[in-house]
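Here subunit A shows up in two complexes: once beside subunit B, once beside subunit C.
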Partner chain A sequence: VTRRTLEKLVMECLLGIAGRDFVVFASDCTAAHSIIVVKDNKNKMVRLDDRLVLLISGEPGDTTSFGEFIQKNVQLYKIRNGYSLSPHAAASFTRQNLAKALREGPYTVDMLIGGYDEHDGASLYYLDYLGTMAKVPYTAHGYASYMTLSIMDKNYKEGLSETEAVDMIRMCIAEVQKRLIINLPKFNIHVVDREGVRTIDDEKMET
Partner chain B sequence: MAKLYDGRTTIFSPEGRLYQVEYAMQAIENAGTCLGVLAQDGIVLAAEKRNTNKLLDEVAHSEKIYRLNETTACSVAGITSDANVLTNYLREAAQRYVLTYQEPMPVEQLVCSLCDLKQLYTQRGGKRPFGVSLLYMGWDKHYGFQLYQSDPSGNYGGWKATCIGNNHSAAVSMLKQDYKEECDLNEALALAVKVMSKTLDATKMAPDRVEISTLTREKEKDKVKIRVLSEAEVKHLIGEYEKQQEKEKKEKEKERERKEREKKAAQAKK
Partner chain C sequence: MSALEYNGSAIVAMMGHECVAIASDKRLGRQAQTLSCDFQKIFQMSDRLFLGLPGLGTDVETVSNRLRFRLNLYKLRENREMKPRTFLNMVSSFLYSHRFGPYFVEPIVAGLEPTTSEPFIASMDLIGCPMITSDFVVGGTASEQLYGMCETLWRPDLEPDDLFEIIAQSLLNAQDRDALSGWGGVVYIVEKDKVTIRHLKARMD
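On to the complex of A and B.
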């Protein structure tokens, strides 16, 4: 993993906040190659299952192939066994693959996995390219984490409502757009809960 | 005719049979009996112990019941050395799953993975099939308490109550008559003892001839308990069964005497 590829990881922004029975995600929409913005409406969210979402950033080829690999394996498990992988099991499976590849041909990707499970409620997992996995109430990837984690630390309460979580995400996005030198004009906000995955349309986000 | 097609497992006979697989199942017909009963709040596995030679040193924990992982256990009937290889495989498969998914392997998936291996030995390699049938008991969050049976062909099925090994058909017909789906663990234990005593070789059932284990779950702690009953507990169960037998015998006697008296009274009237 070279310095150049590592630099790619920090330029993008992934955010996640988990409540008791929902998870709110936000990801930026910029795909850049060196100084050029190649795409400004890239969706960095992969739907693994009806109530399970993966946010993935990093090395462009790796994001697509690893993201699809995880998605297809989650679906294969579901078809083979007649029931879905829990968010914890899916995140563990993902981590296992990252860890295996690390010492041979690493995937330079950072991820957030989150979803709703009948048995355990909503959960959010932080994963990085080294094979780290941690269950967290809220988190962020990239340079953006320097600005947003403190906002979340201050405002997060256990059992917070979906509105409070979405407002917090908006606060974080605003701060990133204000203080980060990299221009990230557009963000996608998604919510996963018992009903499934939905997008939060927000024109406010475009500057 | 059969002899011409016996040689290798990979070959069908002209009638479309796999003789090696059938012969493997034959090996289990004479093996120690194993039976399983599914209750509302747990599962019972009872197995006949064949190694009752006094010179044999005591086994560490269990002779016929194998713990596969935190939530599943199995019992075997057939060639013991084959069984050891298979239970080893099952334990490894269960741990491989937990390594990847960080949660216990669902019971059916574990059974399935072994059956896929067993099937391989009926099709490839020119090796003989495993001469083992297994009874599995387990709990998982998807289907709760489950009881499965697998045989040398690689086939498996989910059961409410079943039996393998010596006298298994007699046992299965008994279970068909007496099994009640709403039974609790104690009733299942009583039923297991009753059926076991009828299928064992010796006329009298004794604690050193049979091994009984149960699988239950403590809901609050989210913990599955797999337990092999002690000799004292088995003795107690056998005692209860014999008392029940005595009671039934006396009642039958009374009934018979009553019928005799009625018959005599009817005759006297004539």
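On to the complex of A and C.
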């Protein structure tokens, strides 16, 4: 993994906050190639299952290819066995594939996996290109993490409501748009809970 | 930065009177940035056998899973618990088999013999060179700090309660002097009849 490919990881912003029975995600919509913005409405969210979401950023080909690979395998498990993979199992499966690929042909992707499970409630997993996996209450990827993690540290509390979480995400996005030199004008906000996955449409997010 | 110092860790194991203790910090970081303060680095391989894995986070997970798999197969085939010394050799040969593309972990093994309940601790480098000691073993980015603390505080034949105090203080004070480790601590006291897990209240910085 060269330095140039690693740099692609930090330019994009992925955010996630998990409550007791929901997870709020935000991802920027910019796809850039060096100094050019190639696409400004890219969806970095992959719907793995009804209540399971993957946010993926990094090397362009790897994101699509690996994201689809994980999605298809999660669906295959469901078809074969008749029930879905839990968020933890899906995250572990993803991690194992990243770790295996690391020493052969690494996927330069950073990811967040989160979902709702009847057993464990909502859970959020941080995954990086090395295959490091950590279950976290909230997290961020990229340069944006320098600005947003401390906001989340201050405002997060156990059992926070969905509205509070979405407000916190908006606070984080505002900070990123103000202080990060890279222009990230548009963000997608998604929520995963017992009902499924939905997108929060927000005029305010476009600058 | 070296792969061994990328995520940060502090792990220590100590010998006591008919018991062992193994303790670790809980930080997972991406160099200077902290990502999680709940990262597991000590894994219970068997009833009274523990493996501490300082080093690169992804390899901590991979190595613990692979070794657990091999240990479980052994248990199914042999129908008995694996001795700590045997486990040490298994970890050692597993790591050496990746001599020219190693896993970036420096394992610490701590446990009690299944039949005699004799305490056992050992550590290894990333390519599997084993070192068995009769006092304490340390690993991770805070290893030098841990050596200083352990050398000062440890004495032979500590009872479980005293051993807990000594290992906890060794860990806490060593990790406070290391930027890449800390953010909490967990101590496992392994005795013949029980295992006690205690989480430490530490400086969260």
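As a working rule, the second predicted complex is superposed on the first by the 207 of 207 C-alpha atoms of A that agree within 3 Å, B and C clash if a C-alpha of one lies under 4 Å from a C-alpha of the other, contacts with A are read in each partner's own complex, and residues count from 1 in each chain.
As a working rule, a residue touches a chain if its C-beta (ideal position, glycine included) is under 8 Å from a C-beta of that chain, and two chains touch if they have at least 3 such contacts.
Nothing here was measured: the structure is a model prediction, and the numbers come from that model.
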| Three-chain arrangement built on subunit A, subunit B and subunit C clash or fit | fit
| request: For A:8, select first, second, both or neither according to whether it touches subunit B, subunit C, the two together, or no partner. | output: neither
| query | How wide is the angle at subunit A between subunit B and subunit C, using CA centres, rounded to the nearest 10°? | reply | 60
| field | Touched partner set for A:149, first subunit B, second subunit C, both or neither | value | second
| request: Name the contact category of A:81: first (subunit B only), second (subunit C only), both, or neither. | output: first
| request: Have a look at where A:51 lands relative to subunit B and subunit C in the superposition and call it first, second, both or neither. | output: neither
| task | State whether A:42 touches subunit B only (first), subunit C only (second), both chains, or neither. | result | neither
| Of subunit B and subunit C, which one touches more residues of subunit A? | C
| query | So, does A:190 touch the first partner subunit B, the second partner subunit C, both, or neither? | reply | neither
| query | Does subunit B (first) or subunit C (second) touch A:134, or do both, or does neither? | reply | second
| After lining up the shared chain so the two structures overlap, which partner does A:99 touch, if you call subunit B first and subunit C second: first, second, both or neither? | second
| message | With the superposition applied, I'd like the minimum CA-CA separation between subunit B and subunit C in Å. | response | 5
| said: With the touch criterion stated at the top, can you tell me which subunit A residues are shared between the subunit B interface and the subunit C interface? | reply: 96
| Quick one: in the complex, what on subunit A touches subunit B? | 81, 83, 85-86, 88-89, 92-93, 96, 119
| remark: Within their complex, subunit A touches subunit C through residues 95-96, 98-99, 102-103, 126, 128, 130-136, 139, 145-146, 149
| request: Spell out the residues on subunit C that touch subunit A in their complex, using ranges where they run on. | output: 7, 28, 30, 33, 35-36, 38-39, 56-59, 61-62, 101
| Along subunit B, where are the residues that touch subunit A in the complex? | 99-103, 106, 108-109, 141-142
